[in-house]
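Given below, in the form of structure tokens, are the structures.
In what follows, chain A forms one complex with chain B and a second complex with chain C.
This part shows the complex of A and B:
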């Protein structure tokens, strides 16, 4: 890619271009605020909402983050167990697949009944959504270990545990990262939906309130805030990936 | 037979302490896959023995079961129960060979997430040596393996020849007296390959390990080996063993000497006969397929 091409596609520049387009398009086509409010109004609304926005952002971040970490750990655990114990995979994997086909909304209701309007309920929903892609990708990564490398390690007299740590885990890491990146976006969606079942703080709560009072400008503030949170979480994972898991799965 | 046997037995008993058993010995080794009627015999009735410090090359047509044989010697595949593998005179039950033989497979199989240095120390780490000690030990070998300055590079930054040298260093650092090399230079261009062969001989003469080396290349087999063994087409067995009396150290000029040519002519006839059989076998199979 040329230097100019790279600058044009870098994330901050993309954001800037979208903002400029927004500024230009609204007066140009005389768009009603009901459909797309002017960017200046959205900014003013964000300033007005600032303390609530900040508290909501932090709260939703926390729910997503805790849920994601827990889901990722459990997902990696189950994925590993499935990869090494065929019987477990046969017994439990179909159950997980079936569970995944239950829409999170239906599942969320029972979680709120179990855990009440606590942060825990949102964490559990975020966990539930992150778990599956991580487990599946861990299983896929660990089952795809190059048999030649595995034989080489055995010929050195490596134990199963050594083979797992020195070969299987690093070789599966790029695939597990793919699962984690899927999982973190789902976790955020889970946390926001979880807040709709009832709470007082959070981006999801603000979103629902704005919807009830038809505060279109506020909805846009929240869309941007949710997008920012999602981008931050995904970006952090991508940075970790580029720094520590840069090799290809083969 | 009987009186002679007793006499020899007595001799053997007396000289037992002074006789060094072969480093590696295969007695009637077979490997059959599947059950009748779809049984494939990959390796049949292989007997061979390699003396300590000897460099033996094994040559045969592709698909003759060389790799299966190697996997059995490396302990990765048990031989069928009617044969046995002995290491320094000791029979090795299934799985006992793992960790006893330095095995280098055809592909370099370097770990892409490890630096060159950490790839070289892989076996040492498996053996439980601390990372610092293992690295120090490997670092001293880098000049000899022509990899100075590449310690912190990753495998994808190296050429094919260098990757192969890293894999060889990894094998050498796993300090076992017997080294199995499965076509280590098969994927290299002719010039690099010739250079690597001379380099390998140099290393071998200094470290004095026992080497069993698989190759497709007759020149390579004669140039490197004290002994060349020819394998037959599948089911693979040892057809012929040729002792190579060419003087050592050998350099590139050996390849054009009359003695070398004479050996090559003899071996070529034998190897080509087997290659033709493989060809005929695959043609038969193709014919059967088209007929049915």
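This part shows the complex of A and C:
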């Protein structure tokens, strides 16, 4: 990317540009508030909604975060098991790939029947959604390990465990990171939709209420809040990736 | 013969595992007397699918129409926008921040807004699916179109190729694999967003069937709806993979 492109896509500049475009476009094209309310109105609505918004933001963040961490750990565990036990992979991996394309959010209703209107129900949905991409990418990363390097390590007398820690895991890490980034967006979507099946706090709850009362300005406040949460979670992962997983194996 | 044996060798473990899982599920449900509202067995779900086949197939038709319509429109918009942005670089610089901002919002968060704009009919679901697909396809295609190195572009240009010539000879073929990845991700996203939108507000579709069954605590129909929706999205995914093999034969 060019220097100019990099500056334009840095987060603060992006936010500023989008805000400026919003300010300019609404009066310029005389857009009805039903479609896009003026930015000032959205800001006023956000101030009015502030305590609820903050509580909802925190709640949805917690659901996403706990579910994502649990889903990622289980996913890495399953992916590793698949990578080292061929029979397990041959028997179950295709089922996993198939399950990945299932519209899991439809299970939301069932999960709420199981766990009630608790935070646990949303955590489970977020977990389930993060699990599949992480498991699939862990397997993909681990089975992409250069066999020559593995042979070299074992010729130096490295144990299986050492070889896993020093070679397999580091070479799989970039691919696993891709899976984690896919998983975190899905976790967030799962948490938001999970709240629709019955809860009192959360960004998803506020979205549903705003829909029922047809408050377009409030819907926009919540869309921005959801985008902010998504960008924060994704950004944190990208930061970790740049800081700790900066190498890129062939 | 060898090929058939090979196919059998890959299909056998999967088939056995699937059969084992289903049997264990059915056995556990019967053995422990799990009530149907907690977890119905596979046989119960199958019977329900057969009993409610009228409602389910009507819902499936609506959902498939919405997904297919939105997918086609979204793909077209995404590819067209990507081509325009590549041909007019200043436009790309202006549009990219907006696209990134929109992409960081989970597409389900747009459901209430689109329902308010387009009403509860099929139009709102088609718009949502098109939107979800267009963003992914746009970002992927753009990445693919910009893939050819500047040397290759300069070489073609030195032979007198126009912008469009470079686009059709170099950029579009290079973008094909990226487009296919975008289509796959987009298909998964659009099925989810359509079903979620039907649950939130709609006159028909599998999402609405699942939602109504949930409201009436009819857990067997919920499961039947989920299974049919899953089979449908698997079928769509398979169709896309088959299409991919036919189209991107040069890989």
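The criterion applied here is as follows: the second predicted complex is superposed on the first by the 242 of 250 C-alpha atoms of A that agree within 3 Å, B and C clash if a C-alpha of one lies under 4 Å from a C-alpha of the other, contacts with A are read in each partner's own complex, and residues count from 1 in each chain.
The rule is simple: a residue touches a chain if its C-beta (ideal position, glycine included) is under 8 Å from a C-beta of that chain, and two chains touch if they have at least 3 such contacts.
For clarity, every value in this text was computed on a predicted model and none was experimentally measured.
Contacts of A:51 after superposition on the shared chain: neither chain B nor chain C is touched.
Of the two partner chains, chain B is the only one that A:170 touches; chain C does not reach it. Considering which of chain B and chain C touches more of chain A, the answer is C. Looking at the shared chain after the overlay, A:17 reaches chain C, while chain B stays out of its contact range.
In the superposed model, A:147 makes contact with neither chain B nor chain C. Looking at chain A, you'll find no residue that touches chain B in one structure and chain C in the other.
By the touch rule above, chain A contacts chain C in their complex via residues 4-5, 8-9, 13-15, 17-18, 21, 34-35, 87, 90-92, 94-95, 98, 100-107, 109-110, 113-114, 185, 188-189, 192-193, 196-197, 203, 207-208, 210-211, 214, 216, 219-220, 222-224, 226-227, 230-231, 234.
Partner chain A is touched in their complex by these residues of chain B: 71, 74-76, 98-101, 103, 105, 107, 109, 111-113, 122-123, 125-127, 174. Put simply, chain C touches chain A in their complex at residues 10, 13-14, 16-18, 21, 37-38, 93-94, 96-98, 100-102, 104-113, 115-117, 187-188, 191-192, 195-196, 199-201, 206-207, 210-211, 213-214, 219, 222-223, 225-226, 229-230, 233-234, 237.
Looking at the complex, you find that chain A touches chain B at residues 146, 148-149, 151-158, 162, 166-167, 170-171, 173, 247-248, 250.
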